[in-house]
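For reference, the structures are reproduced in the following blocks.
Here chain A shows up in two complexes: once beside chain B, once beside chain C.
== the complex of A and B ==
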């Protein structure tokens, strides 16, 4: 009982000490808050700028069929439509402001009514193959869609779509949740990593190592200190996604709980990294270098199982995969992994415990080498 | 007198490098014991092993009866340490540093604050209790580190270079504190490169070199082992080799060195040989000056290790 009370006192003391120390060092504290936010904004910009192909539509015919076709183009969700004249469209193309010009010819309605073949001019600036392919896929899709609405009797094959989820989720909505996870990862690595490395840089690690306290209690204290400091950056990141982008969590209590769990996992990773590298100047680039590749292989853009089996296997070996899974559930009610939600949570907890034990061992061994 | 520290064939290897080579010694309770040696001699390795920061490759050691590998926690609880770099949280106040140490060492209860105040008073830092440590001078930091090390009332104190980088006035004050610890019955193990410090503070000295114990005794006994007296002569003209040979042959003269025109003679034994030396030298040279003194620890160290202490 005495030992438990003592260990709890050590945990509290170490956590408070780390918070006090970190708050006196504004540079690293600012970096720990701003860098995750920077990650969030960077990825959001990437998402927002990489969406739909800007396309000019020249309406030489304004008959009802021509207008219905324009609506079909707009409904294809691949274009940002700019309705313009032929001259204006050419100027936009020359200025590099649009990817394609689709011209609805003057005899569009008449040709349709007389059953003639219509040649639809599509000029594509094929500088970027992704956008080019978007145009190549979406224009035929718009034609099919147009026919299905305008001449329902002529289109006899129809897809009978049954949705797994009650509502569609946009690319931005899905990805922004994954970005929250990578921002928490960067924040956790930075905050806990710099807290741990500071002890070695300033020599205060000896004060900790010479104490009769358990190593795990010291590590847990450092984790909780980093967690408390990380709350601010996590709140900012989650706030931007929820309030700024309007991506609301479907399961609010779960979102709060999983945020706490994921932050714990990531600060434990940071603690281990800081104990191993022992230099704050090394922690910052290491945090960025670790976060980016892990983020990309962890199902940030869609379930990992949709990719290669090898990638899915590698992804399952690290906690970010499970963190994205529980966050996608909390925000969108998605289950993006074959394993159940409770198992994902349990695995995150297991990762945390294993990493804390590894940190305690590293503290003992690296401490001896100090 | 009961033993505070006992080292038996303690060895530490880092790969092929042997940092400690079968070191055996014991420190008595209530003793101020000095570890001397040039950089890399094994002082820090010894202390790291004793404080549980490092494990020995071979051999064993006990601290206050606790085995250092089995009872690490008990060893740490009974040890107060002042590392060379002080290990103070400089961005925090003196008071916060003391409270943090109290929590780490399970110093609890209503008298904790009064104990902290008492120790800050002892090292004359009460009026700076709320100042950040980063605003302290080197001497003040050392004093605070000493107060912190005493907070959990350890029976054994380890002081690593306790006055390194400290001004003369603060050094004297720190020496007084350390001597005061001995009066309280505490055992002090200190490493130092200052021979004057070792001479003033230490009951016994261990001189280490290349991880081995080369001498262990009181400062007085070490001096006597080197020689009872050092006689320094300035002669005109500079003495010939034959005269130096005659001096070496005198009974009671253990060493004769010619340096910068001065002849340094080390003498041993109770009998004064100064008269014999003067008589012999006067036959060939004029004695311009003569002085005699006890050998200092620098000379003893150089004699034992072949290197100066500061190397």
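== the complex of A and C ==
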């Protein structure tokens, strides 16, 4: 009983010490609290275009069919259309401000009425294959849609869409939830990593290791200290997503529970990184910069199974993949992994335990070396 | 003069030596960008191709023709399946959609009756959903194009600006190089400068009979050299693999841009290091700053496609000009606005140098 009470005192002392130490470095602590929010804002810049390719449409014919075709282009959910003259379109293309120029020729209506073939010039800036492919697919889509409306008897084969979910989810709504996870990752790695590394840099690790305290108690204390600091940044990020962007969680209690679980996982990861690297100057760049590639491979943009098999395999080996899955469920009621929700939660818990064990082992070995 | 050059050289040798002896510091600056490049390389193969299950319930010639078009389409990775198998695959997230060619497809087509091809989409994300929405009608258009009595008279005449499409990996390597140069320059030079205060060696340096300008120039050159070492590695790999290979004379603006971008980044690092004087502050400020510069230069998007207010901000971001110059040289084989871009980078380097000297003056007085 006494041992438990003593361990609890150790945990409390270590946690409070870490919080106080962090608060003395005000600039760094402020940056680490606001940094996850920065990640959110910067990534949202990426989706401001909504994946739509800016395209100039030159209308050399303004007849009813030509206008109907323009409407089909606008309804193709692929273009941000700029209606312009030929010269203006060329200028925009030279400035790299548009991906394509579609020219509706002067005889568009007349040729359609007389059944003649119409050549539709499409100039493509084939610089970014993502946009280029969108153009190559969306222009035929617009043509088929145009025919389906203008000449329903001639074009009878149509795509009949059936959606799995009652409503489409916008790119910002989907991605912002994934960004919450990467923000928690950055916050957890930074706080816990620097707390752990600080002990080595300042030499106070000797006192900690020589103290008659259980290594586990030290680890748990450090985790709680980092967790307390991380709560601030998590609250800011989740607050902006929920209140600022209006992305409301479908399952609120689960969202709160998963936030805590995911924060624990990432804080333990930070603790391990700090114990292994032992230098804040290395922990900080690694924490921030490695988060970006991890974010890309973890299904932030959609289920990883729909992409490369190699990436899908790699992504399953790390916790961010599962964290994104449980958050997408909590916010949108989506299943984004083949594994069940409860298994995802269990795996996150397992990751946390394994990482804490690894940290304790690393601390013991480092301690012996020290 | 010779005395000053010797002092600068000594500072450069010392800083580069310290950097090389810290593998974690080297890894921290190089690893993230290299990992990012690796991730992009693996991921690029799947971009734009969505996995779909195809259920073909009609054996008629028209149905077979549409099936062949769908299987050959570069928009889909097709798996043939029965109706039940396809439903399971959609449920298990093995596919993003199920396309069904119905049993009466040929009959309806021959009779000129409405002939729907079902596409059931897991519409959890508009990016994937819109890709799928575009791709099936595109395949139907191809199907009609193969018909002897094609009723669609509007034919797309595509002309591309460049002979070959630029792949996603190739396109993303330029922003990655800029990110690498910025992080390496800002972090390495910043930490090397702050180290003098952390280790209190700044006293010796400031009391030494050399100009403060020489001290800052030494720091700047050391940061520049370490950044260029990393840049050389990426450029060599890019050129050997063919992913980043400017054509002919375009190597000149490419190398000039890399040199100036590395100099400006190192200058920024020195200024931050001399102003903040602590590792923690350097790390806390410089890395987020590098990421801001990366994103605001169009790092993961095309800046010209973003809203006007973002483009207006980008005009004040030095790396935007570096990114522009590199893209022009590598992708367009052009020197359009090169003087402007290089000028901005040179001025940035000069301003950061002045800031570093000014910060040292403050250090001397305190």
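Just so we're on the same page, the second predicted complex is superposed on the first by the 340 of 370 C-alpha atoms of A that agree within 3 Å, B and C clash if a C-alpha of one lies under 4 Å from a C-alpha of the other, contacts with A are read in each partner's own complex, and residues count from 1 in each chain.
In this section, a contact is a pair of C-beta atoms (placed from the backbone, for glycine too) under 8 Å apart; a residue touches a chain by one contact, two chains touch by 3 or more.
These numbers were taken from a predicted model, which means no experiment stands behind them.
If you put the two complexes together on chain A, you find that chain B and chain C both fit without a clash.
Once the two complexes are overlaid on the shared chain, A:42 sits against chain C while remaining clear of chain B. When the shared chain is aligned, chain C comes close enough to touch A:125, but chain B does not. In the superposed model, chain B and chain C sit 90 degrees apart as seen from the Cα centre of chain A, a figure rounded to the nearest 10. Once the two complexes are overlaid on the shared chain, A:308 sits against chain C while remaining clear of chain B. By the document's definition of touching, of the two partners only chain C reaches A:134; chain B does not.
By the touch criterion defined above, A:86 lies against neither chain B nor chain C after alignment on the C-alpha atoms of chain A. Measured by the number of chain A residues touched, the leading partner among chain B and chain C is C.
When the two structures are aligned on the shared chain, A:110 is found in touch with neither chain B nor chain C. Within the superposed three-chain model, A:25 lies in touch with chain B and with chain C [touch as defined at top]. Following the chain A superposition, chain B and chain C show a smallest Cα-Cα distance of 15 angstrom. Overlap of the chain B and chain C interfaces on chain A comprises residues 25. For chain C in complex with chain A, the residues that touch the partner chain are 22, 24-25, 27-29, 31-33, 35-36, 38-40, 42-43, 45-48, 50-51, 66, 74-75, 90, 92-96, 108-109, 112-131, 133-138, 140-144, 151-162, 164-168, 171, 183, 187, 191, 276, 279-285, 287-288, 291-292, 295-296, 300-302, 304-307, 310, 331. Residues 6, 9-10, 12-13, 17, 20-21, 24-25, 202-213, 367-368, 370 of chain A are the ones that touch chain B when the two sit in their complex. Those residues of chain A that touch chain C in the complex are listed here as 25, 27-28, 31-32, 35, 38-39, 42-43, 45-46, 48-51, 53-54, 69, 76-78, 80, 93, 95-97, 99, 111-112, 115-134, 136-141, 143-147, 151-165, 168-171, 174, 194, 277, 279-282, 284-286, 288-290, 292-293, 296-297, 301-303, 305-308, 310-311, 314, 328, 332, 334-338. Across the interface of their complex, chain A is touched by residues 48, 51-55, 73-74, 76-77, 79, 81, 83, 85-92, 96, 99-101, 103-106, 108 of chain B.
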